[in-house]
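Every chain is named by a letter (A, B, C and D) in the order it is written, and numbering of its residues begins at 1.
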Amino acid sequence: MIILMKKNVTQTQIDQVTEWITSVGYKPHLSQGVERTLIGAIGDDRGKIHLKAAAFLPGVEKVVPILKPYKLASREFKESDTVIEVGHCRIGGGGFTVIAGPCSIESEEQMMESGYVAKKAGAQILRGGAFKPRTSPYSFQGMEEEGLRLLKKVGEKTGMPVVTEVMNTVDVDLVEAYSDILQIGARNVQNFALLKKVGHSKKPVLLKRGLMTTIEELLMSAEYILSEGNDQIILCERGIRTFETATRNTLDISAVPVLKELTHLPVIIDPSHAAGHAKYVLPLTRAAVAVGADGVIVEVHPEPEKAFSDGPQSLRPEQLYRLMDEVAVLKKAMEEIGGLP
Amino acid sequence: MIILMKKNVTQTQIDQVTEWITSVGYKPHLSQGVERTLIGAIGDDRGKIHLKAAAFLPGVEKVVPILKPYKLASREFKESDTVIEVGHCRIGGGGFTVIAGPCSIESEEQMMESGYVAKKAGAQILRGGAFKPRTSPYSFQGMEEEGLRLLKKVGEKTGMPVVTEVMNTVDVDLVEAYSDILQIGARNVQNFALLKKVGHSKKPVLLKRGLMTTIEELLMSAEYILSEGNDQIILCERGIRTFETATRNTLDISAVPVLKELTHLPVIIDPSHAAGHAKYVLPLTRAAVAVGADGVIVEVHPEPEKAFSDGPQSLRPEQLYRLMDEVAVLKKAMEEIGGLP
Amino acid sequence: MIILMKKNVTQTQIDQVTEWITSVGYKPHLSQGVERTLIGAIGDDRGKIHLKAAAFLPGVEKVVPILKPYKLASREFKESDTVIEVGHCRIGGGGFTVIAGPCSIESEEQMMESGYVAKKAGAQILRGGAFKPRTSPYSFQGMEEEGLRLLKKVGEKTGMPVVTEVMNTVDVDLVEAYSDILQIGARNVQNFALLKKVGHSKKPVLLKRGLMTTIEELLMSAEYILSEGNDQIILCERGIRTFETATRNTLDISAVPVLKELTHLPVIIDPSHAAGHAKYVLPLTRAAVAVGADGVIVEVHPEPEKAFSDGPQSLRPEQLYRLMDEVAVLKKAMEEIGGLP
Amino acid sequence: MIILMKKNVTQTQIDQVTEWITSVGYKPHLSQGVERTLIGAIGDDRGKIHLKAAAFLPGVEKVVPILKPYKLASREFKESDTVIEVGHCRIGGGGFTVIAGPCSIESEEQMMESGYVAKKAGAQILRGGAFKPRTSPYSFQGMEEEGLRLLKKVGEKTGMPVVTEVMNTVDVDLVEAYSDILQIGARNVQNFALLKKVGHSKKPVLLKRGLMTTIEELLMSAEYILSEGNDQIILCERGIRTFETATRNTLDISAVPVLKELTHLPVIIDPSHAAGHAKYVLPLTRAAVAVGADGVIVEVHPEPEKAFSDGPQSLRPEQLYRLMDEVAVLKKAMEEIGGLP
């Protein structure tokens, strides 16, 4: 952390800052510029937030953090890509995993049909929501445990691992009993109690970026899970909130190469929630392959116009079949690109 | 909800849409314009999300929602201002309530000192954090139950009601046992499990707007609490996330008159978190009085440079004294304005 | 345009609104719902902004626009893709055009070297800035006419058409004399005087989306140029401003399929300005091909560390060569995808 | 500027960076931390953008700017408040100036009536648009020179100085001939050619912040005008673009105390454009007084429902009269606050 002093700082003020740095356990380092004095605080960075209080001392203009606040999630801590294994399925490490299924589990029939569609398409993992985070208390809130049971059943019938969202710390054990992967939704990305709780799970966690979460904050949320002992985390970019309303959210596709540089964790994209309309899911999935993501999570429904939730963004079965064909062609092209000199 | 048909729509497509509207329980109403056909879906609006799936039908260009999605929170449902009574203190209904205290409860001494400062200043309610939502798992996470105990003790000594944040459904009963008001933090504004849980509490809820939450979504979160039976809710604008970085967040001061129009619930402002620096808290508090807010919640610390969290935005005691003086002058001016013809 | 009346509207208020609609030249159409009355204003939509004043009439809750405000730019006006021809080069209509060159024209040697690099790589069009829109008045402002002369010269030597930015109405004729395409920069996307002026040019216009321009506003800016008679417009998505700071701006990749649906104009991407760092330009260019863009515009510099502007986001020559190889592989894959059943 | 080196940097890489710093005219200063090496580049900061290219050198993790990029606009350059004098009117220096008038000049009658309303209310300066920046080419574009003539005439009749927008460099001389203050609109805040041109004017400039402009960028735009020799600049916060749609834009009220700290230039607020609806203009004007702004610019129209532009946000005459009464009461309260110990 670096402390920038004001233009006409006095020696007394400089002394106060250096003394204060020492008093909180760091080592001061002075740097005299033409116009300004900078004072570095050298030491372990975990206390940085504490150091920010330097902004209060007389003569201080601003405090500039230098180091990244996450450790376990960083490439520096672990250079090689983390690969998550679930059943016969691997996420990360060069493949491209398609997770598909309905937004909500609505009935055994609908779930079974969705499962067969996902399987037939060639998707590797099955999704389905049993606990639904809905903006309105009057909207369908999910089938809860009965939904979990159906999801597990369809997963077993089709031979696919399953993923579903958990929204409440008290439900973590229940969801863990039925699901192969625990999903933390965008609205819970900074629900720290929940992050700590899944940090103790033995199951992998699919952590969605929030609508207003910076990439650094997403990695800090991953750090919560990692620091509790669970290092099986899949990051998911699902669109951020911006001023643009033509799409439901704005897919931050650049987050993929940025995250690939900063962290060893696999990164997938959720084009369904990002775009909010099925017609944009195919082009955005192609972009996900080309930009180097490790997979996508998409919504599919046998009859989207009858879906209990997220109908407009759910793919019809034939759209999912085409999506898988397009992914295959592009994945091959990406391998060819990987082999370029 | 209104369905806008595409330019060259066919009669068959129009018939399909009207049949579908009927099939999902609404009454279609056709409106033929010069260029376009509009079809209204008449009926109770609670099924609106379901209706959105119309976007899928052939010939449909877009679906336009018409009614507000919240009911109990609306001015139409309840015209008169809701007033929250806590001890001798009233929030809403024309007064201006100042809630003050440290960001985190750090020790008995610090909490006691902060309490006396708040009392001496004339603040009506005491705040203090026992469970802290920190971006970093390595930052101070709060004193938890011991902190709650201290907060209650200081509240009793100073004769002030207290408010503190609850972050996890499993802690609601515990926090309720110690605190007069339950605070839901910005990051939990769409933690629906938590909203439902505090909806069953007998204690008032201070609901903070999230960094990414629209005013409509904030009211939907209030609706969650209201629909579970708790109608004692204080809304709090605390800054939204924008591209501007000169302040920690951007205080959306216009949210006050907008909310005053849409809802009967009291609305306060948190200038400390919005601005992120103590030096802006006084002018923003003045703006809060002038714009018609029902109060503010501010951070104060006997020695901000030693605070465990949010040091830079915590007021020094003498700044709080001055803030209360400024509030008094402006409050009197606002009464004079209220009396203008 | 639809006017939503308040809940307890009176017949007199309804009559006032319908009379007012008639008085401003539209035809009212009443639609009585269970809870609310809607009144449509039927007629040509060009007067919509005028109609918005209805928000003032007693009993009106809100005014909802229905039709798109642009005409000439819309797919409805012209269904087939517009293809821009410049020299032997075509933009739009299925190809993928790479425009490359330095951010600023700095010297004859630098421009010549950049031109040869672009040519050798296989880029189709040469870019280079002679008038530079710099945030700081103290930064390099461009070589102006001397730069234009150099750009034209290098374009002729390498046999490539050239594009450069024009920032001021008084410079349009000058820039037109030297450049094959006139670029309107992001900061001038709503400089309406400039849009009108280039609307009279015979040269194609490369119109960049602004940092805070919605897709609809971008199309309205294109409409300005179209309505003056120039229908040769290339739209360019170059990143929007959001809260995320890991990249210089946030590339709104979804804008490509959205624009492809709404307009007949070709759409390219500027990954250099969007990302702000050369290391992200390759993956984002791959995403541009896969999402269906008509091309990219990228910055290349023989020695980025010596560039007068935008050094960090300029590709080195060998990076541009690789980019072109990757584009070729993905373009072939996209053709294969186009041929899928 | 500070250069942060990567974790496992080599001595050779450090040497390369220090040599490069010297080669571009700065003095390197090494600071060895526990984990990282920092290298400062000491010297005049005007070349900072050039220095950013250091991001390219091997071993460099990131480049952190330290100094503010503006000079003439800064409080450090000029400590005392700049006061703009126009006729008998002063902007800045402790007063609160109300600028009022219609969005567009529509006819002699409408302008005359608006002028008398503004005068009767007690507003100090008259506004009115002759060149209108409209999103749509089909909307009313203003009366141009005829409008300027009317504005000047009404200004003279009522004895009020006038302000109007100039959008094009070629119109600056014309507008200067008629108007006492030249307004640069939000969309032209980074129209650098226009900024330079008004920088040569003898008339004061009212510079509006753009929808997408950071506070620092606004000051850089002021710096463009200042560096050309015109130091009579009034800054205007008029709402920034965010995800919230309840208001037209989000008024960044905190920008007032932030700007007051950073610059000596007066700062006013435009609540009409920020909120987009007349009903919010009064509370936001009160907030403007209380937060310490130097004034407001508001839209007033004798019959808002007939306005050619911005009808919904225009005050009716009686609303303006009330606004002035409220301003008077609050201004007195602010003086009382200024006198607090």
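Here, a residue touches a chain if its C-beta (ideal position, glycine included) is under 8 Å from a C-beta of that chain, and two chains touch if they have at least 3 such contacts.
Just so you know, these numbers come straight off a predicted model, no measurement behind them.
K.L.:
Name the chain whose C-alpha centroid is most distant from the C-alpha centroid of chain B.
P.N.:
C
K.L.:
More contacting C-beta pairs: A-C or B-C?
P.N.:
A-C
K.L.:
Using mean CA coordinates as chain centres, what's the chain A-chain C distance in Å?
P.N.:
Whole-Å distance between the two chain centres: 30.
K.L.:
Taking each chain's centre as its mean C-alpha position, how far apart are chain C and chain D in Å?
P.N.:
Inter-chain centre distance comes to 26 Å.
K.L.:
Measuring from the mean C-alpha position of chain B to the mean C-alpha position of chain C, what distance in angstrom results?
P.N.:
Roughly 38 Å, centre to centre.
K.L.:
Got the chain D residues that touch at least 2 other chains?
P.N.:
Within chain D, residues 212, 241-243, 245 contact more than one other chain.
K.L.:
Quick check of your reading of the touch definition: is the inter-chain graph here a line, ring, star, complete or other?
P.N.:
Topology of the interface graph: complete, with all chain pairs in contact.
K.L.:
Considering only the defined contacts, which chain D positions touch chain B in the complex?
P.N.:
Those residues of chain D that touch chain B are 212, 214-216, 240, 242-247, 250-258, 261, 274-275, 279-280, 283-284, 286-292, 322, 325-326, 329-330, 332-333, 336-337, 340.
K.L.:
Which residues of chain C touch chain D in the complex?
P.N.:
20, 46, 49-50, 52-57, 69-70, 133-139, 167-171, 187-188, 190-194, 196, 210-212, 217, 220, 223-224, 227-228, 241, 277-278, 304-309, 311-312
K.L.:
Taking the complex as given, what residues does chain D use to touch chain A?
P.N.:
Per the stated touch rule, the residues are 2, 4, 7, 29, 31, 33-36, 38, 40, 42-45, 64, 66-67, 76, 241-243, 245.
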